[in-house]
Each structure stands twice: as C-alpha cells, then as structure tokens.
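After this come two complexes, each holding chain A, first together with chain B and then together with chain C.
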Partner chain A sequence: MATTLPTWTALGPALLLGITALVLLIVDSIDPDTSNSTLLAGLSTVGSLAAFLFAGWLLVSGTGQPQTGGAITLFDDQLVVDGMSLFFALIVTSVATLVTVASHDYIADQPYQAEYYSLVMMAATGMTLMGSANSLATGFVSLELASLPSYALVTFLKKNRGSVEAGLKYFLIGALSSAVLAYGISLVYAASGHLQFDAVASAVANTEFVGVLGIGVLFVLGGFAFKTASVPFHFWAPEAYEGAPAPISAFLSSASKAAGFVLAFRVFTTAFPELAGLAGGPVTVDWVLAVEVLAVLTMFVGNFAAATQEKVKRMLAYSSVGHAGYVLIGLAALGGAPDKGFVLGASMMHLFIYGFMNTGAFLFIGLTEYWDIGRTFQDFNGLAKQAPLASVAMTVFLFSLAGLPIGGGFFSKFYLLAATAQSGTWILGAALIINSALSLFYYTRVVKAMWIEEPVNDFEIDSYPAGIYTAVIVAAVITFLLLPAFGLLSPSAVTGAAALF
Partner chain B sequence: MSNPWIAIGALAVVAVLIPAGMIAVSSLLRPTVPEQGKRAVYESGEVPTGNTRIRFNIQYYMVALLFVVFDIETVLIFPWTVIYRDAVANAGLAKALGPMLVFIGVLVVGLGWAWRNGAVKWVRSPRAERQRVEQ
Partner chain C sequence: MAIQVQYYLLLSAAMFCIGLFGILTRRNALLFLMSVELMLNAANVNLVAFSFQYGNITGQVFSLFTMALAAAEVAVGIGIILVLYRNFKDVDVTKAATMRW
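This part shows the complex of A and B:
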C-alpha cells in the first residue's frame, strides 16, 4: 500500500455513527418545533451506510488482520481493531441502516423524531465500540452507551401502555444485570489486578484467588447473558420486543444481541482462556461447561416458549432467545475443538445472517403494525393476497430462521452443527437439531396463515409504505443471496475468530 | 494469635445492639400518648396538604440532569488544567488542547439541543396558577 491512514481511522465506523448522532441533534436544535422526517431519516441512513461501507472497506483491505501486521491497538491497549471487531461493525451498521430506512414510515406521525434517530445512532456507536473494547472498563462503558439509549427507544411510544411497561421491565432488569456485571468485573480485578484483557489473562494464569475469580467470571457471564437475551436473564426480551416499536425490536434483537456476543467472545477467549484449559493448562474455572449448560437451556426455553405463543411478535421474541442459544455454541463447543477459529467463526456467521433475517422479520411485523391488522396468527390470514411481495420476503426470513436452504440461515446452522461435531459436544448438536425441527413448526404457522388460510377479518391495505418495503425487500434479497455467497464471507469470519487464539 | 475478624465481628454486634437497646429502653420508659399530630405526614413543621403521592414538577429533573453535564465536565477539566502546561510542553498544543475541545464540543452540542428544546425554560404549573387565582 502506498499510503497508510493514521491508526485512529480504524475506529472510523464508530466515529461516523457518533458524528451522525451529533449532527442529528444540531439539526434538531436549529428548528426544534418541526421535524422533517425525510431529512432526519436520510441523514441517519447516510451516516450508518457510510459507516457500513467504511467498515466493509477496512475489512476487505485487511486492516488489523495478520496480513497487514496484526491487530491495531489504540489508547494504550484500551481499544483494539481486528477482523472480529470490523466484522461485528458490519453487522451493527447493516442492521442500523435497515432500521433507519424502515423507521421513516413507522414513526412518521410521532413527535421527537430527531431524538429517535439520534438515540439509534448513539446505541449503534456503543455497539460498534463493544466490538473494539479491549479492557473490561471500556467494555462496560460501551455496553452502557448501547444500553441507555435502548431503554429510551423501547419507551418511545410514550402514550402506549405496552411500550412504557416494556421499557420499565427492560430498564429494571438491565440495571440489575449491569450491577451484576460491574460486580463481576470488580471481582476479576480483585483477583488479577488488571482490566485489560491480555493483562488479565497473564495475571490469572497462576492466581491464588480461584474462588473470587470463579464468582467474578460467572457474574460477568451473567451480565452478558442479559445483553444477549440468554437464560437466565432472558425475561426482559419477550416483553421489551413486544412492547417496543417494531424497528426498535429489530434493532435490539439483532444488533444489540450481536454486540453482546462480540464482547462475550472477546472477554472469554482473550481474558479467560486458560481458566477453562483452552491453552492446554489445567482447568481452574470451567466456564466452557457453564456456557454449555446455558446454551442448551437457552435453546430449549426459547423454542418451547415460542411454540406456545399466540402473537407473532412475541413468538419472534422467544425465537430470538432460542437463536441466542444457537450462537452460544460458539463458546460452548470450544472445549475439545481442534480448530477453535472455525467454531467461533460459525457463531459469527450465524449472527451476521441472523442480523438480516431477524431484522427483516421484525420489520415485516412493523409493516403489519403500520397497516394495523392485529397481532395474532389468525390476523395474518390471507395476507399474501393483499401484499404478496412482503409475504414472499417474510417466508424467506422464516424458513431461513428455521434453517431451510432458502436463505443463509441453512449454512450457518450447518456450520454450527459441524462445530459441535468437531468438538465432540454431541449434546449441543442434538439440542440444535431438536430445536430447529421444533422451530420449523411455529415458523410454518405464520407461513400457513399468510398463504393458505382464508382471511377472518376484512381488511383493506390502502398504502404501501416505501421505506419499510425497501428495508424488508433488501433484507430478504440479502438473506437469499447469502445462501450462494456464504463461502465469500465465512473465511473472513473464521480468520477473524482464529486471530483471537 | 487472635483472628482480627473477631474484633470486626464484635464491632458489628455492638453496632446492632446499641440502636436496638435504645429503642427497647425508650419503649419501656416513655409514656404512651397517641395523638393525631404524631400520625400525620411530616413536612418540616408545615401543616401537611395532601398525601405523600404528590407529583413533582418534571422541571426539577431537567435541572438535575443539566447539572450532571456540568458536574462531569468539571471533574474532567480540573485535572486537565493542573497538568496543562506540562502537557503542552511535552506533547504539543494540538495533542493537549484538541481532545478537551472535542469533549467540550460534544457537551456543548448536547447542551445547545437541550436549551433549544426548552429544558431551561421554567414551566409554569397550570394547577398552581389556578390555585393562585382562587385565593
């Protein structure tokens, strides 16, 4: 390369998102009484799309990856930019772009639109930074930067009791698990004397405070379980996703979950690998076993609860809990795996594809809320006659979520299964297969309602909102394209993950 | 060799015993005179009006939030000003001044937004206005 950009530009995606948030506030300060929703949505879409393209360019040009000299560390090792952080920046910014495009129609009649977009951008900044955090302190601060705007966004529909109730529950459980995480961090600091991940790893290798450290590691795991909506801190997820505006449900269940996972991946693989014997030493704190238990529980709780729901949005919320269980395989199957980069890379790929198919599914729910046709499975009856294009997209999302070869979700589940086979954790593989089969049942209920059933209520769809339609169709096309293009992306995920070990 | 935790435990026991003992002894000694005034809501000697579940003006919280902006700003600017001359001498003006200007700039954007949206405009309570007319 002829010229090299200064190293701080590696944080470009996060900086672009943060600047967009500030620009939106300035625009609102100029004329606070009226909000030009096209301008605001356009600005935030341009900002998140620019961040997406920049992250993609950095990833393709090999920034922070082994071929250009390894990970870039900034601010005295507090932040790191490598393949994994750029990969997750791609996930967050792509979801943020879809969400801002869809929000244009969804919140067109609401006040405080500039604040809405600004909060989305701030949350996206925090989520992008979570992927770059290289110490427990920056990790915690960026997690809070992602969480605090999310609480406000869930309660955005202030006059809607469901939205306010969801926000209150989300905030209370969020505050509790933040406290648990902070306490866990303090215990890890007490046992190791460091916050930076590599320093923690070398300090805990032969620590005498195994008890304190063990409790600390478990508490940190609990804190991440909240952010990723995994058992035992998953209770907020169905309430928050159901009550929140649908684009925000999409944002939280895709981007926020991915950000929680990237921080968990980095903490557990760079700060605590030797505790579980991943580097070949003796096992002192077996967090791999703890994650394995959590993964199996999360899969079963999420999918069985989803199968009993009557409302589509709530079903998707519980299925999102189940998908957190699938992704947890990436950490849980690390134990005996010979190729650890492949195991973790499979989880990263699943999160990437999940970012499109789940965002799309929630945005379709946003479309039905925009039409005001009701929330239960029966209300979706005969929808395909009125809105065939959107119904095709929703069918792609649902079958891809279930793991049928109609979208990228097939390959990512296949990779996860291969990862469990490779490490010999058969119980995880069995749970994955059983739950995928079960999930096909409740996803098919929606498809059947849309395509086969006769409509119960008469409803007329009189408008086809361009923004939500664009976002849904784009998400569906990318979900479908990721089936043939899976092989193009998976190497960057696997090498990004392999760089951690 | 005695365990130092024994002394801490004894201190904890004393800390519980003293208030518990004071309450117990005073309940044995004092005369019992139930009276209306003792059961009323305490409002610093004022005659209570209404119950405890009254609504505060939201403005108090806005002022408190804006205070936090200035508070954090001060906490971070103080140590910076102390080492400012040394920092300029060692790292140059741009590296010593730039990050702080960026930080204050971000806060100014937030403050400006809050100002324009009426966070520092004192809202008059319609209920208070009505009551003033009635009296």
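This part shows the complex of A and C:
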C-alpha cells in the first residue's frame, strides 16, 4: 500500500459496531420514547454494513496477512488482527446486518427498540473482538461482552413466557459455563503464569503442573462448548432459540456460534498446540482426542434430536447443534493432517456459509411468526401457495444446510469431508456423511409441508413485511451465489487459518 | 513463602465444588446466582495466589476483570429473575418449564 493507515484502524469493524451502539444510546437518551423503528433499524443497519464493508476491504487489501508483513498485534499483544479475525468479522457483521434489517418489522410494535438495537450492536462488537482476542483475558472479556447483551435480547419479549423462560435458561447455563471457563483460565494461568496465547504456549511446554493444566484445558474447552452450542453444554440451545425472538435466534445461532468457534480455534491452535503434539513434540494433554469425541457426539445428538421434533424452530435449533459438530471437525481433524490450514479453513468456510443459510432459515421462521401461522410442521402446509418467494428462499436454505448442491453448504461440507480424509480420521468423515443424510430427512419434511401438502388451517397472509422479506431473499441469493463463488472465498479462509500454524 | 501453593489450589477447588453443588441442588434462582459467584471467586483465588507465586500481576489484574464481569452478570441476571417473577409469580427455576427439555 502506498499510504498506510495507523495500526489501530485494523480494529475498525469492532470500533464501528461499538460506535453504532453508542449512537443508538444517544438517540435513545434524546428521545427515550421513540418508536421510530426506521431510524433505529436504519442506523444499526448502516453501522453493521459499514463494519462489514470495512472488514471486507481490510481482508481484500491484505491487512494483517503474510503478504503485508503478517499479523498486526495491538495493546501489547492482547489483540491481534489477521486473516482469520477479519474473516470472522465478516461473518459477524453480515449476520448482524441481516438481523437488524429483519428486526425492523419483527419488533415494530415493541417498546424499548433503541435498547434492542443497541444490545445487538454491543453483542456484535463483542463477537468481532472475540476473533481478535490474543490473550485469555481479552478473550474472556469479549466473550462476556457478547454474552451479556445476548441474555437480555433473548428475554426481550418481557411479557412472553416462552421468551422469559428461554432467557432464564440461557442465562443460568451461560453463567455456569462462564464460571467454568474462568476457572479453567485460572488453572491454565496456574500452570503457565501467563494469559497471552504465545506466552502460554511457550510456558506450558515444560510446566511441572501437567495435571492442573489438563483440567484447565478441559474446562476452557467446556466454556467454549457453551458458546458454540456443542455437547455437553448444548441443552440451552433448543430452549433459547425456540423462545427468543426469531431474529435473535438467527443472531445467536449464527454469529454467536461463529464467534465462539474463532476463539476456540485461536486458543487451541496458538496457546495449546504443543499439548496435543501438533508441533511434533510429545502429547501431554490430548485435546484433539477430546474435541474428536465432542464432535462426533455433537453431530449425532444434534441431528437425532432434530429428527424427532414437532416444531420447526426447535428442529432448526437442534440442527444448529448438529452443525456445531460439523464445524468442530476443523479442530478434531488437526491431528494427522498434513495441511492444517486447509482443515481449519474448511471449518471457517462452513461457518461463513452457515452464517447466511442458517440466519435466513431463522428469519423465515420470524416471517411465519409475524404472520402468526403456528410453529409445527403441519402449520407450514401449503405455505408456498401464499408466499412462493419466501418458500423458494427457505427451500434453498434447508437444502443448503443439508448439503445439497443448491447453495454453498454443499462445497463447505465437501471440504470438511476432504479434511477428514486428509487427516485419516475416518470416524469423523463417517459421522459427517451419516448425519448429513439424516438431516436431509428432517429438512425435507419442511419443504414437503410447504410445497406439497394441502393446508390444514385456512390462513390468509395479508401483509408482506418488507424488512424481513429483504433479509430472507438477500440471504437466499448469497447462499446460492456462494455455490459458484465458493472458490473466490475459500483461499482467504485457508490462508487465514494457515497463518496460525 | 509461608503457605505452599498447593493449598490455594485445594481451597479454590473446594469453593468451585461447593458452588457447583449449589447450582445442581438449589431451585431458587437467587441462590443459583450466589453459587455462580462462589465459582467465579474460586477462579479469583487461583489467579491471585499464582500471581503471587510467579511474581507477575497478570493474574491479579485479570481477577479484577472477573469481579467486574461477575457484577455485570448479576445485574443482567437480577433483571431476568425479575421478569421471571412477573411472569411465573415465583423465582423457582424449575417452574419455568413450559417448553420440553
């Protein structure tokens, strides 16, 4: 680059999101009773879109990547900006944009809208920072910055018992898992004397407290399992996603999950690679094996539970647990893989595409909640006659989630399968194939209800909310476009991941 | 050093387990919050003790962050418990079970 921006601008996406949150609070303090949802949704959409474009520009111009001199570290190595953090900033901001656009109609009748958008932006700030965290301290603080607004957002419909119950369960399990994570971090600190990832990595290589360290690593893994909705801390997910307002379910199941994964990727590949022998040394704490077990369990639990659900939103919630299992392959298959960047990059690509297809699917549920047509599979019968465009979009999402070549989900699952083949972890590959086949069964139930079945109840759809429609259709178009355009993005994911090893 | 560092680990492990026991057995949401606080303070004991042991203040500073976060978490938690009470007329966490587990 001819002119170089100061290094702090590499944090631009997070800063833009944070500023947007504060601007929304200022608007709220000037006019506390405002219900001008167009202004509020517009501001937050502009903010998150600006953050998205800025992150995209930084990624394309090579900021923090090997060709421009490697990762940019800030604040005494506490934060880092590199290919991976920018890639995840892209995921979080794109989901946040879709969610704020869709919320315009969804919460139009609710009070406290400025707080809602402000909390969404704060949570997005935390999630973006999680991608940049380079120390257990900043990682923990940004994880909480993402979590605390999420609890409030899930409980946003204060008079709706489902929403309150969902928020309570999410909060209780979230508080428990953050305590577990904090305790795990304290044990890692006890064994190493450091919190910064590189310093931890060099200190744990010859620590005398291997037992303490092992428990610490497992606790940290447990804390991340909560954030990513993986077994054993997955059981909040179906409750929280079912009870929460649908745009918030979309936000949590896509962006929050991605943020949990990026922190897990960074912690385990930069702070603990030696423990599992990834750098060629002896294996002391075999977290790769632990993640492998968790990945297989998460895939099976998520998909089998999804197959038995009666409500579409709950089915999607369990399928989101199953997808966390697919993404865990990126860590679980690191063991014997010759090209570790490809393995982790496959997971990152899956999260990126998942960000669009899953957000879109939950926003479609938001659309049906807006129409108030019911929550079970039967209630969706004959929906395609009334709302063909949205039904086409939903079909694209569901088949892409299942891994059919109608959206980018096909290639990302293919990459994950190739990653398991490369590392020789055949059990992960087999679990991926079995569960994808199973998932096709329950996704098809929704498609069948929408397109083939005759409607049971007579319902008339009298309004077509522009905001939710726009978000759903944009998400569908991008999901579809990511099929041909997969090759454009995957190199940046793979090089971003490869820079960690 | 007067006290060996293993005893701090034992103390914190005991606090953590008491907190965990409280979470698993208590039905009152407020007691649940207190148990979580106990677990977070178990982490703080470790951090401060090993900060002293290693002679760097990283752990002490992080324990300040943990305390601040615990306070923020309680603030959000009390808010949620308040709406729980308004909707279910109780702060029993097992009462809020309209959705199937």
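As a convention for this text, the second predicted complex is superposed on the first by the 501 of 501 C-alpha atoms of A that agree within 3 Å, B and C clash if a C-alpha of one lies under 4 Å from a C-alpha of the other, contacts with A are read in each partner's own complex, and residues count from 1 in each chain.
Quick note on the criterion: a contact is a pair of C-beta atoms (placed from the backbone, for glycine too) under 8 Å apart; a residue touches a chain by one contact, two chains touch by 3 or more.
What you see is a predicted model, and the numbers here were worked out from it, not measured in a lab.
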Combined model on chain A: chain C and chain B, fit or clash: fit
Does chain B (first) or chain C (second) touch A:Ala418, or do both, or does neither? neither
Check: chain B-chain A-chain C angle from CA centres, nearest 10 degrees, reads 20
Looking at A:Ser29, would you say it contacts chain B, chain C, both, or neither? Reply first, second, both or neither. first
Report for A:Ala307: first if it touches chain B alone, second if chain C alone, otherwise both or neither. neither
Which of the two partners, first being chain B and second being chain C, lies in contact with A:Ile185: first, second, both, or neither? second
After superposition on the shared chain, which partner residues are touched by A:Lys169: those of chain B (first), chain C (second), both, or neither? second
Tell me which touches more residues of chain A here: chain C or chain B. C
Report for A:Gly243: first if it touches chain B alone, second if chain C alone, otherwise both or neither. second
Lowest C-alpha to C-alpha distance for chain C against chain B (Å): 7
Looking at chain A, which of its residues have contacts with both chain B and chain C? none
Enumerate the contact residues on chain A facing chain C in the complex. 136-137, 140-141, 144, 148, 151-152, 155, 158-159, 161-162, 164-169, 171-172, 175-176, 178-180, 182-183, 185-187, 189-190, 193-195, 212, 235, 238-239, 242-243
Tell me, which parts of chain B touch chain A in their complex? 106, 109-110, 112-113, 115-118
Using the touch definition up top, name the residues of chain A that touch chain B in the complex. 22, 25-26, 28-30, 32
Name, in rising order, each residue of chain C that touches chain A in their complex. 9, 12, 16, 19, 23, 29, 32-33, 36, 39-40, 42-47, 49-50, 53-54, 56, 58-59, 61-62, 65-66, 69, 72-73, 76-77, 79-81, 83-84, 86-88, 93, 96-99, 101
